Amino acid sequence: MSLIVVLNGPNLNLLGSREPSIYGRVTWAEVRERLQHIAEERGVEIEFFQSNHEGAIIDFIQGLSGRANGLIINPGALTHYSYSLHDALMGSEIPAIELHLSNIYAREEWRARSVVSPAARGVIAGLGALGYELAMEAMLGIIEASQG
Amino acid sequence: MSLIVVLNGPNLNLLGSREPSIYGRVTWAEVRERLQHIAEERGVEIEFFQSNHEGAIIDFIQGLSGRANGLIINPGALTHYSYSLHDALMGSEIPAIELHLSNIYAREEWRARSVVSPAARGVIAGLGALGYELAMEAMLGIIEASQG
Amino acid sequence: MSLIVVLNGPNLNLLGSREPSIYGRVTWAEVRERLQHIAEERGVEIEFFQSNHEGAIIDFIQGLSGRANGLIINPGALTHYSYSLHDALMGSEIPAIELHLSNIYAREEWRARSVVSPAARGVIAGLGALGYELAMEAMLGIIEASQG
Amino acid sequence: MSLIVVLNGPNLNLLGSREPSIYGRVTWAEVRERLQHIAEERGVEIEFFQSNHEGAIIDFIQGLSGRANGLIINPGALTHYSYSLHDALMGSEIPAIELHLSNIYAREEWRARSVVSPAARGVIAGLGALGYELAMEAMLGIIEASQG
Amino acid sequence: MSLIVVLNGPNLNLLGSREPSIYGRVTWAEVRERLQHIAEERGVEIEFFQSNHEGAIIDFIQGLSGRANGLIINPGALTHYSYSLHDALMGSEIPAIELHLSNIYAREEWRARSVVSPAARGVIAGLGALGYELAMEAMLGIIEASQG
Amino acid sequence: MSLIVVLNGPNLNLLGSREPSIYGRVTWAEVRERLQHIAEERGVEIEFFQSNHEGAIIDFIQGLSGRANGLIINPGALTHYSYSLHDALMGSEIPAIELHLSNIYAREEWRARSVVSPAARGVIAGLGALGYELAMEAMLGIIEASQG
Amino acid sequence: MSLIVVLNGPNLNLLGSREPSIYGRVTWAEVRERLQHIAEERGVEIEFFQSNHEGAIIDFIQGLSGRANGLIINPGALTHYSYSLHDALMGSEIPAIELHLSNIYAREEWRARSVVSPAARGVIAGLGALGYELAMEAMLGIIEASQG
Amino acid sequence: MSLIVVLNGPNLNLLGSREPSIYGRVTWAEVRERLQHIAEERGVEIEFFQSNHEGAIIDFIQGLSGRANGLIINPGALTHYSYSLHDALMGSEIPAIELHLSNIYAREEWRARSVVSPAARGVIAGLGALGYELAMEAMLGIIEASQG
Amino acid sequence: MSLIVVLNGPNLNLLGSREPSIYGRVTWAEVRERLQHIAEERGVEIEFFQSNHEGAIIDFIQGLSGRANGLIINPGALTHYSYSLHDALMGSEIPAIELHLSNIYAREEWRARSVVSPAARGVIAGLGALGYELAMEAMLGIIEASQG
Amino acid sequence: MSLIVVLNGPNLNLLGSREPSIYGRVTWAEVRERLQHIAEERGVEIEFFQSNHEGAIIDFIQGLSGRANGLIINPGALTHYSYSLHDALMGSEIPAIELHLSNIYAREEWRARSVVSPAARGVIAGLGALGYELAMEAMLGIIEASQG
Amino acid sequence: MSLIVVLNGPNLNLLGSREPSIYGRVTWAEVRERLQHIAEERGVEIEFFQSNHEGAIIDFIQGLSGRANGLIINPGALTHYSYSLHDALMGSEIPAIELHLSNIYAREEWRARSVVSPAARGVIAGLGALGYELAMEAMLGIIEASQG
Amino acid sequence: MSLIVVLNGPNLNLLGSREPSIYGRVTWAEVRERLQHIAEERGVEIEFFQSNHEGAIIDFIQGLSGRANGLIINPGALTHYSYSLHDALMGSEIPAIELHLSNIYAREEWRARSVVSPAARGVIAGLGALGYELAMEAMLGIIEASQG
């Protein structure tokens, strides 16, 4: 059975309570449940990870080699400076989709630039919590195609 | 019945034959059929438009006011300089999702910057033709929420 | 009789309904009527043109040679990238006044830079629809001076 | 009776003799007379001030609070660096029109950038001495609208 | 028989009358005649196209696929911002030579940068109308080499 | 009783021994004692935290919600790149004062720019260990005002 | 008896009435009284100076040599361009603390850069009128240390 | 006996398997063995440390004070943004050599800039795993010289 | 008899006491005496002016028209931002030599750029007080040449 | 008889063997022969010069004054920094055509900028060895026109 | 027998006497002797070259083709602008190691950027004269590997 | 007897004939004669050198050590890129004055920046051939001062 991993970076554990005018009011528990549901329906395993520690995220990504088939990653603000995360994604050969809840291209200037994107297969931004479900769908497509 | 419009900019009529190593081999006819299918299934109308003319695209967007409920737009290379397109989207009050077949953030430096994004609700990039289906899904969600 | 041309670029046909907090609520029909009135009073002919198509605007400017005495141009968002418009103005030898409804120097950073201005005689910005009347006045002065 | 103030910055006392190929040959006395005439005709008071001293200009602007209804300001070269002037305009709540005799956007690169514009209602440039009359007209409109 | 296409962008229909101190006094009719002559002599077909519309130019380039063997393109001021034109050239697989009448590298700073060049085989600039004949010669060489 | 938290970032545990010509010779133990003293005098609780780990700092800030009334933060060199820290401060709604021992605006160019400041209420820099006492004073004022 | 000087630059005489949402509603008279009080309590003399004239501020700073022991300076918008003020501070050998009422690092981009800071001992920003009292405290510490 | 420490940053634990076309196929175990061998031969102690956690690396560097004589550090992608690492190296007074397996100056633009280099004695890049042995040699020279 | 004016900007009244390691220990009185002496010897009048007020300097320059034959100007730190001074020099038609005591091109980066130089005939920098005598010599040459 | 000079800069002596995937496999001897042939046919003299020494190239250009009628110059990598070469071309009054074998605008970013172009009449790039023949043709046209 | 070439650029003949605080006091004769010794020990030939002439260095590199197996190059200040040197290294297919005595990344900003590095295999900087010996070692490794 | 060396860089041998509108019509022979005369009068030796070869200029400067007391250098266009010349001046300990015939700060943007100035004592620009005489005077002063 394929494994899809959903990885959230710094401050994303606060989904639903942190700056709701920007990030919405859906909680992470709710998002998680929906993703779990999709996974079951589609016959894949799903695993969740969140950390405020760049190092822990890199440790985790390294540990996915050989066991995960796809990665959905919302790097939080690491998006804008963590070249280490970029390199971890490049080093792992797991296809990754970068996800942002808000439209990072329409906020502060520094948010419009992601140092992680060049290591990702694709990017979804600004579609709120629904974005995770779409990323899930996209990842299922990528996995199918690669197993084609 | 809600109307979702799918709008493609310059050179996107060639989907399937143009630089397939970057843009894939799926043709626009195939993508269109799938979107038509989703629309029927979900009970919305769908309309397609493509032009290589910035002006024609703006004319078309202006004509959508009052009749379209959502816009999925792949502006092609207009993405990188057409402030007129940005203003047309701002002027229309139809929610828009910006879509790119390839991961524009991982190619030439000038492709990583979109002047259109600040006028869009969200962005999907790098997920190939499947991106259109995901955008469709997202737009259905946005419409539902607004009709909530 | 002298001919003054008033040329509006992309999205300016929507004056009065588009983003009224920025562009005001006066409609183009009203502005046009006032300008017509001034023209009659001052004994000049006036002609109006609007297009969302950069190419149509350039075609039109080329066609003015030898018949127009002055041009009042609001290039809309073409202001910020259309070097072709710049060259069309340089190529025509008709004196031009660049006009903006809003104060483009006090909004997004990219709006503060006009690639058209170096081809214009002068610039009026931020004075709303009244700006057209002032530009009319200024153009009458320029024409008189040149016929001096 | 409303009061409109016309304020000129450094080197503008030399109008008519300074670099006439750029600034024209009309003298300040002539411009002043015309503005005085308009003011009388339109039933407003008008007051003039010129200084080469940034500090004196700021003192003067501060002193206008509560007695002036509109400000027409040609900041001379202070345009390009005097953030103090910007702050003085922001602090006063008098509507201001920024005016330049020459088309500052078509000269040296540093002249194309005004640090004052974000504190102004609108900008008129490149229309020579006539620009003052147009600014007068525009200011009368602004005052009327505010007294609406 | 091979087909070589000569494509001119915005404002180039005015050759001979537009800013002759920069672009020379030879008219387009004269240039065309000379190129026609060379084509006949060398046994190739030649076709001409000019438009002020970016969109029309892209439509035209798309239509060349499978029938043209080489493209000589003077993009006019589109040179400096039309990434859509860049993409159209990339999408077509016809070898292209970019041509400029004036030495664009020795004029305004913005003219020194072409967004089209990376999609062209080579560039000829500053040699006036003769440049078209040289480009013709070069294209004949490229076609011969490719037919090896 | 109000709680004020004093948070030090990377390398600040070495206060007193690290580059004393820049950071001074007062040890952290001494500073801490003084702050403890002020807290007692002013009837507030005080808590200290230092870490070289960005992630641990973010974890800690998240944990302060609902129990701390003010935050005095010296982010060390995280100041210059940790957008995650910026977001953590924005997410928490605790008022924060950013503090630097040295005058960061008068050293290397990269030190003059703080990505954290936009999320802080105010900034104190260059006043050595005394700065902490001043920040304490300021925070007491902010808390009083908010409890007004 | 030591003398501490408090120097305010352009537009700061309007404290309490100018843009109160940014600068607060405390008047300068109130701030002054508090500082006077602290001075008396701590046994130092205090002197106040405000001017909208850069030149007058420099004259004043030059006149402080040999009689002032510390300078608290809020340069207003001179902060962002007055290299003359920078040089005046460097030339005087009186220790200076730069003060800003608002958090200049969290407003317009140009406000985040101070050309004066490299000539100051330290900086306090964003703490409103209380900042002056803290600067007073800091300056007393600096004077004591230097008299050590 | 002198102690030389070899410190590897994020993702360097994967040496030999991660992007071998860039980083080579030698494993870290092999490199380590060789360095151990050199250390024995040259009569120095050697210690190894790797972490994906910036904070752990800084903790470790702080702990070296007073017991290590030299540091060979490959900061991985922290090279390009970790000012905290820069400060940790400055704070420790242990001489450090910065090492990169690949030629970072010949890859992506962002890799060509190291924020760590100004805190290092020297830099070795692009010489693969052999670089560690050379750095060892260099460090032995530095230690000898300092004990000279 | 020709008149040469020597004009010093902000902080230059302190010559001899201000930062002597940079500006030297010669006092302005001494420099003045030497210049007076040269003037007498060469049969020209000389006049001195110093001010810390940009406005006063501009007033003074305006007053020189028609009576001064040459201007030696050390603008102090106004060099780096006073476009008003630039315009005052352009407006006067008196030939000017810009002078700096220190080598401004070898100090802080911002000192290497003069906004005044484009309005000067020539520049002398880094030669200390002797620079004034050389500028005197140069100005005598310029005056002689112009009197041909 | 007119004299045309063909001048090659650094590394161009290796034509045919150096990086043939970029510069082609035609040798310089072959190119030279063809140019010699054209010269004979067209009744002009031709002279060749190559050097890896910027100074020798400048010496040579200076020596052409009064004897050469046109210069075809491929400056090699001097193109990108040799302002001395720019000045030598400006100083000589011989018309020059700048030539590059490869399309320098489609390679590394630094290659897209020529400091020599502003001193040349025109530029030919990317057309391989054939470019020399075209430049020859263009130069013959320029010489004829000038002798017209 | 393999040949390794050691090439020094401008001003490196003065090693030992030029700015010894930066470049050390070891003379080139001493370095040379040590390298000679290593060469003998390791059974390779070694050859030395120094020139202050960019052209002579390029001539020399061209002459190495087919006879040298490795190049150790310290380009001196050519490092920072000689694209010709870059191209000479690219053109030769001899593996090259770039060497700097001082840590160029920790000095003036312009020294931190090498235009030569992209053409080198690796870089060694800041390790003084010992750097040459390490480069020698590295080159021996590269040669061995290539002779596999 | 002291020795002053006057060194001219590329293209300066053409003084009097090269672009006389910029560089004047005085020939180098005339300038040389005047300098010779001054030298004799002031009892110093003088030596002249000109080369178009950067390398020859560096060789020459190196050869001055121990025999020259001052250097007057007009680096021609090497001014703008020759860091090697900068280093040669730094390495020699002879005081140098940088000289330019024209006002390099008032011409093309690239001419306003000298990479040589940080290695010079002072700079004289824009004073034509007379500048050499002033530099001579200044150098005599520097030599006297150093000989105390």
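Letters A, B, C, D, E, F, G, H, I, J, K and L name the chains as they come in the text, with residue numbers starting at 1 for each one.
Throughout what follows, a contact is a pair of C-beta atoms (placed from the backbone, for glycine too) under 8 Å apart; a residue touches a chain by one contact, two chains touch by 3 or more.
Owing to the predicted nature of the structure, the values given are computational and were not obtained by experimental measurement.
**Q** Can you tell me the least number of steps between subunit A and subunit D, where a step is a move to a chain it touches?
**A** Contact-graph shortest path, subunit A to subunit D, evaluates to 3.
**Q** What is the shortest path, in steps, from subunit C to subunit D when you may only step between chains that touch?
**A** 1
**Q** Could you work out how far the Cα centre of subunit A sits from that of subunit E, in whole Å?
**A** Centres of subunit A and subunit E (C-alpha means) sit 46 Å apart.
**Q** Centroid of subunit F to centroid of subunit L, CA atoms only: how many Å?
**A** About 54 Å separates the centre of subunit F from that of subunit L.
**Q** Find the geometric centre of each of subunit D and subunit K from their Cα atoms only, then give the gap between the two centres in Å, rounded to an integer.
**A** Subunit D and subunit K have C-alpha centres separated by 63 Å.
**Q** When you check subunit J against every other chain, which residues touch at least two of them?
**A** In subunit J, the residues touching two or more other chains are 53-56, 81.
**Q** Which pairs of chains touch each other?
**A** Listed by label, chains in contact pair as A-B, A-F, A-H, B-C, B-E, C-D, C-E, D-G, D-I, E-J, F-G, F-H, G-I, H-K, I-L, J-K, J-L, K-L.
**Q** Quick one: which bits of subunit H touch subunit K in the complex? Just the residue numbers, please.
**A** 97, 103, 105-106, 112-114, 117-127, 130-131, 133-134, 137-138, 141
**Q** Within their complex, state which residues of subunit D touch subunit G.
**A** Per the stated touch rule, the residues are 53-56, 58-59, 62, 81-84, 86-88, 90-91, 115.
**Q** For the complex, give me every residue of subunit A touching subunit F.
**A** On the subunit A side, the touching residues are 9-11, 13-14, 18-19, 51-56, 76-81, 110.
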